[in-house]
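Order as written gives the chain letters A, B, C, D, E and F; numbering starts at 1 within each chain.
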Amino acid sequence: MIVKRVKTGIPGMDEILYGGIPERNVVLLSGGPGTGKTIFSQQYLWYGLQHGEPGIYVALEEHPVQVRRNMLQFGWDVRKYEKKGMFAIIDAFTGGIGEAAKREKYVVRDPTDVHMLIDVIKEAIRDTGAKRGAVDSVSTLYLTKPVVARSVVMNLKRVLSGLGVTSILVSQVSATERGFGGPGVEHAADGIIRMDLDEYDGELYRSLIVWKMRGTKHDMRRHPFDITDKGIIVYYDKVLRIRGGRAYIEPLPEKVVKEMEEAAKKTEDVFGEEEE
Amino acid sequence: MIVKRVKTGIPGMDEILYGGIPERNVVLLSGGPGTGKTIFSQQYLWYGLQHGEPGIYVALEEHPVQVRRNMLQFGWDVRKYEKKGMFAIIDAFTGGIGEAAKREKYVVRDPTDVHMLIDVIKEAIRDTGAKRGAVDSVSTLYLTKPVVARSVVMNLKRVLSGLGVTSILVSQVSATERGFGGPGVEHAADGIIRMDLDEYDGELYRSLIVWKMRGTKHDMRRHPFDITDKGIIVYYDKVLRIRGGRAYIEPLPEKVVKEMEEAAKKTEDVFGEEEE
Amino acid sequence: MIVKRVKTGIPGMDEILYGGIPERNVVLLSGGPGTGKTIFSQQYLWYGLQHGEPGIYVALEEHPVQVRRNMLQFGWDVRKYEKKGMFAIIDAFTGGIGEAAKREKYVVRDPTDVHMLIDVIKEAIRDTGAKRGAVDSVSTLYLTKPVVARSVVMNLKRVLSGLGVTSILVSQVSATERGFGGPGVEHAADGIIRMDLDEYDGELYRSLIVWKMRGTKHDMRRHPFDITDKGIIVYYDKVLRIRGGRAYIEPLPEKVVKEMEEAAKKTEDVFGEEEE
Amino acid sequence: MIVKRVKTGIPGMDEILYGGIPERNVVLLSGGPGTGKTIFSQQYLWYGLQHGEPGIYVALEEHPVQVRRNMLQFGWDVRKYEKKGMFAIIDAFTGGIGEAAKREKYVVRDPTDVHMLIDVIKEAIRDTGAKRGAVDSVSTLYLTKPVVARSVVMNLKRVLSGLGVTSILVSQVSATERGFGGPGVEHAADGIIRMDLDEYDGELYRSLIVWKMRGTKHDMRRHPFDITDKGIIVYYDKVLRIRGGRAYIEPLPEKVVKEMEEAAKKTEDVFGEEEE
Amino acid sequence: MIVKRVKTGIPGMDEILYGGIPERNVVLLSGGPGTGKTIFSQQYLWYGLQHGEPGIYVALEEHPVQVRRNMLQFGWDVRKYEKKGMFAIIDAFTGGIGEAAKREKYVVRDPTDVHMLIDVIKEAIRDTGAKRGAVDSVSTLYLTKPVVARSVVMNLKRVLSGLGVTSILVSQVSATERGFGGPGVEHAADGIIRMDLDEYDGELYRSLIVWKMRGTKHDMRRHPFDITDKGIIVYYDKVLRIRGGRAYIEPLPEKVVKEMEEAAKKTEDVFGEEEE
Amino acid sequence: MIVKRVKTGIPGMDEILYGGIPERNVVLLSGGPGTGKTIFSQQYLWYGLQHGEPGIYVALEEHPVQVRRNMLQFGWDVRKYEKKGMFAIIDAFTGGIGEAAKREKYVVRDPTDVHMLIDVIKEAIRDTGAKRGAVDSVSTLYLTKPVVARSVVMNLKRVLSGLGVTSILVSQVSATERGFGGPGVEHAADGIIRMDLDEYDGELYRSLIVWKMRGTKHDMRRHPFDITDKGIIVYYDKVLRIRGGRAYIEPLPEKVVKEMEEAAKKTEDVFGEEEE
């Protein structure tokens, strides 16, 4: 059995993931407000487009027009890929209402209807041949009905993974919440990446940690990162440690860094033959 | 794509924001009682009026007459701008009941009806050509129905941002609450500014921190501020640090201060051409 | 615009408030059981009576007969002022049932009916020409229905402030609660004074802190106070600090004390002319 | 106005209360399981009987037969006082069911009916001429309906205080709860005595503290106490302090002890003449 | 009045209880999963059987067949006592369904019906002449209906204590819960023994503490204990202390140990003559 | 009575369990997301298959096809054992919908129907002669209905233990939750193994601890473990200790290690003759 790796393309991230996200994994990208989850997921898609891998973006929080604008601010102009049929923004925000919305190709008329949403996602994946996907955010789908959270995530997982898409589900948690979005959601995901923005000693620090990633070894440290005008840069060679209420950013031993750099080059894993 | 900056006009604040609030952003101004949120939002509007930018103020907590009085105490006499049609107070407080209320131009008969509220806001924005807005407070709109919080904020965001208004949504949190008003609200906002009033070692300290601001770099430190009889002054060149239960106000390195002062002069950002 | 100051008459308190409570303010007096909130509010009213300012007391927790008894224990014999028509106790406790209750002039038949309560308050204010008011406690009005808390406080604020009364709303919080009575209430008040009774190192300490006060500068420190047989005395020249679980009462610098003493003499503030 | 003091008769307790409980006060005796609340209330009643003051005990937790047995274990044989008509146990436990219950004089057929309970209490007070009362426990009356807690306590207070009884309301809180029984109850009481049983460094310590007591000065320290085969003994001359997770029992300065001992002799307080 | 002591027979436990459990007491045995509550209650019953005191065991968590097996693992073969009519297992687990269940003598057809349960308990007590009882666990009876917890415990107490049985009610609390099973239950019991299993510094420690025991003095320290293949052994001569997150097992002073050893010999207490 | 031990086959785990899991025990395997619970339960089953013991796996979280894939990644190719009739995957995930699902032999049409689930489990156990079982996860069965948690676990326990299967119930808890899945579930299990993934000083650490195991002594320390490409390896000779927010992995004394190694060889325990 051969499992391919999907490169995130986010500088430093593939080092932490020892080569990238195993294909078909559904990764929960969890964090509070302002942590950079949306940028992460868009940068992941953009890298795919730049390297010939089609993708879809499910917009539940922003108008598709705004999504394009936001990406453009980082220099990620997705219009040309939309025109080529390599990229699709699924409008699950406007309900198809408004002039701009009428120009969108993939519209979910009733975003509270998960089945309708999934039908449009399927259509977009088939049209584009998407290999990468992002849902921003899944939390919106169950914010007022937490009891359906797990089944929503399971449904998305089934279709995304089933159609060969390696995807990121953005999970919004409150600024003060330590979990990843509740037990039903956390356990259903193949991977969890946690992004944090925390105040220590009067300053805000950005960091991320890979909590789990099915099918691969990954670095288990908390790494600082920056949001620049080119997107996110993760310092895979540094660790953020908190001691006595203060944050310290320390370099990792050279050997550890080397191992990550080597592993980042991996593009697939081979497992014992499957008989099926 | 050119994104203009809207100056807050609050001394020290534009330094922290590296030039001001990116145009059309909807900023959540979150804080406990007595932190100065109302003053901040009114000072922001007043600065606009002084510099030729019309504005609207949605009064959900106070009688419009009281709003004018309160502003006057800081020397901000908005009556002349109301007469010129540059400023509008939207009365979402009285329900149109009372003698004084009858003299108001923009009245929301039923403040619990968000659609009615939004219609009046639209009208006021069009009449005044408002570039700045403040809603004081959004919390009132969902205090007894937290489940609608996100949709209320999304609706306001759509109309304010859509009509070109750069706005502040005042979010009231309890004195002991660490979050910004709940996950639905926090993630929907383009920016979050947190104002705090905390007791350390028997004394109250005022401070603020910019938690997120879409479309711009911003300082990531907690700054002390004062409320004077001229309004708020933020000490962008100082940081408030808590160690062992005591508060320390420390100066920032000169280089950092310089960078902020330089950035504060910025009035717009240019991004890669948008094709649309 | 001229805003007058209402002296609390509580020794040390006007120093902390830099001259007293700005006229028409509605002040939330928040604290746990046994902190002295009732005594504070009654002492405030008694000082007014002694200086020619009529007042009303809304009794929601005690029988009016008991209220008079309690005040008498501090030497505050209000009967003569009631006879002169300068003072009114509004009986929102008995429902008019009982012999003693029949002798009361201002009775709210159904204390759960806020509108009826407000009508009786209005009547008492008009009859006495009240300048000062106390509601003891507002918490009783929404104890079993927290969802109406804000609207109750807003309604009271409208009538009290509207009729020119400077008032104290007693807010009962649980002995272990850090807040002031919930977000709806905390933000609706013009001022918040917190009274505390806390155990440190095996002893109970009394202290108070002014959390906010619209329309005036105020001292921002936690001051110790005593309850004597003459009422409350606040040590405006001392601060209570907690370090390592122990309480320390420390003197303030002479300069700070002087400033408070000077300010305490203020009786009004003048703001820029209002055009209205 | 003369307010008499009711001696608790519990060794050390009247010292802490500077002479006893002011007459007609309703005192909340709050504590977790095993703290000694029931013993305290029974010892209080027994002392009254020994000194010619009739009393009533409302049994909500135990069979009246068991109450007599329990008191007997401390040598408090109440049967003779019951025969003399000086003491009454109100059976609000059995509902009148069972052979033993049929021999009881004061039975509340439906203990969930507060009005019926109050009628029986009134009858017992009138029959015995009770000056002292204990309700063990009030918590039982609202355990499954916390929303009625305050009104239950208010009703009891009205009848007990109104009929001249100085009473103790036992309030059961959970072993881990820091409060006294909820805001409605805490504020309604004239006094609060807190009894505690806490583990420090592997050992259980008993202590009590008077949190509030209307109408009298009282010591504000946490005192250790023991339960002996003669009842409770409070060490008014010692204080229990917790430092670094360990408990320390320290003696109080002689002067402080003297003052308490002097005050303990007080039997009444005289306040300025009441005109009524 | 003579109150006899019931020996627990658990090595070290009667020392801590200064002679055993006072007759007819209903003791809450509270603890998290894996703390040894079931073993404690079975060992208590087994000791009685060995010394001629009949007993009953109410099985709510396990099949009676499994109960016998579990006891057998400690060498406690109860079958012979069942045959002699000295011991009864009340099957409140199977509902009488299954082949093995049909062979049981005491079966509660509907374990959710407390009155039916109590009838079977009464029958078993009368048949066996039981002096000891254990209910494992009472928590099961109100797990899904916490509001009935107190009345369930009161009902059990009435019948067990009323029929002369000294009993243990096993109370299951969550692994992270500090209380004993809620206020209603904690206060209703005559005694509370808390069993704990806690992790300190990477190791699990077993300890127990007697929180209250009506009718007797008891040691008030936390004692370590072991579960061996002969049952529980409590180290009454040692105390478990936690300092700085680490556990220390320290010996008690010889004098204290002696006192406990002396007291452990007590078999009854004599109180002042009861007149009844 | 002879109780056999079931070897987990997970390197290091049988040492900690002093020989393995006592036969017929139902073990709760509790942990947050990413802790390795699924791998543990699959490795346990695989070891059985390798040593001639048939097993069943109840798939509630993953498609059976995915389960086989996941196991294959560790080199555990279960297809041959399925063909031999020694292993069964019970599909309680797909509801029988989908092409692949149609090829499954054991399908639960309605996974929300616990009785239907149990019928299929019974069938699979009988067909395979299963000695080992895993339910992944039980939490799914009551995620949206916590009130039924205990009865679900009791029902599973009855059938699994009753049919001679030694089984693991995977219990999913939130990343921030300290308990094992709620009181009803924790107390119903015969054993509890807790798997943890926690961040200390910027790094994630894996560890497990055996909280309880009916019928055997077990090591009571927290042991670090790794997830390798061959499965889980537990360091039974090391302990993970947390001091001052940092993790330390320390070796155990040689004597302790020896004792575990000796005990690991045990295959059964003999208890006193049972008469039945």
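Rule of thumb we're sticking to: a residue touches a chain if its C-beta (ideal position, glycine included) is under 8 Å from a C-beta of that chain, and two chains touch if they have at least 3 such contacts.
On a predicted model such as this, the values are computed, not experimentally measured, just so you know.
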Third chains touching both chain F and chain D
E
Please decide if copies chain A and chain B contact each other with the same set of residue positions, more than half shared, or with different positions, and reply same or different.
different
Through what angle, to the nearest 5 degrees, does chain D rotate to match chain E on its C-alpha atoms?
60
Farthest-lying chain, centroid of Cα atoms versus that of chain C:
F
Could you please state the distance in Å, as a whole number, between where the Cα atoms of chain E are centred and where those of chain F are centred?
31
Cα-centroid distance, chain C relative to chain F, in whole angstrom:
62
Chain A and chain E: spacing of chain centres that average the CA atoms, whole Å:
54
By the touch definition above, chain A meets two or more other chains at residues none
By the document's touch definition, which label belongs to this structure's chain graph: line, ring, star, complete, or other?
ring
Chain E residues touching chain F - in the complex, by the definition given at the top
32-34, 61, 63, 65, 68-70, 72-73, 75, 77, 79-80, 137, 139-140, 143-144, 172-177, 197, 199, 201-205, 245
Chain A residues touching chain F - in the complex, by the definition given at the top:
1, 3, 147, 150, 178-180, 182-184, 186-189, 192, 209, 211-212, 214-215, 220-222, 239-243, 271-276
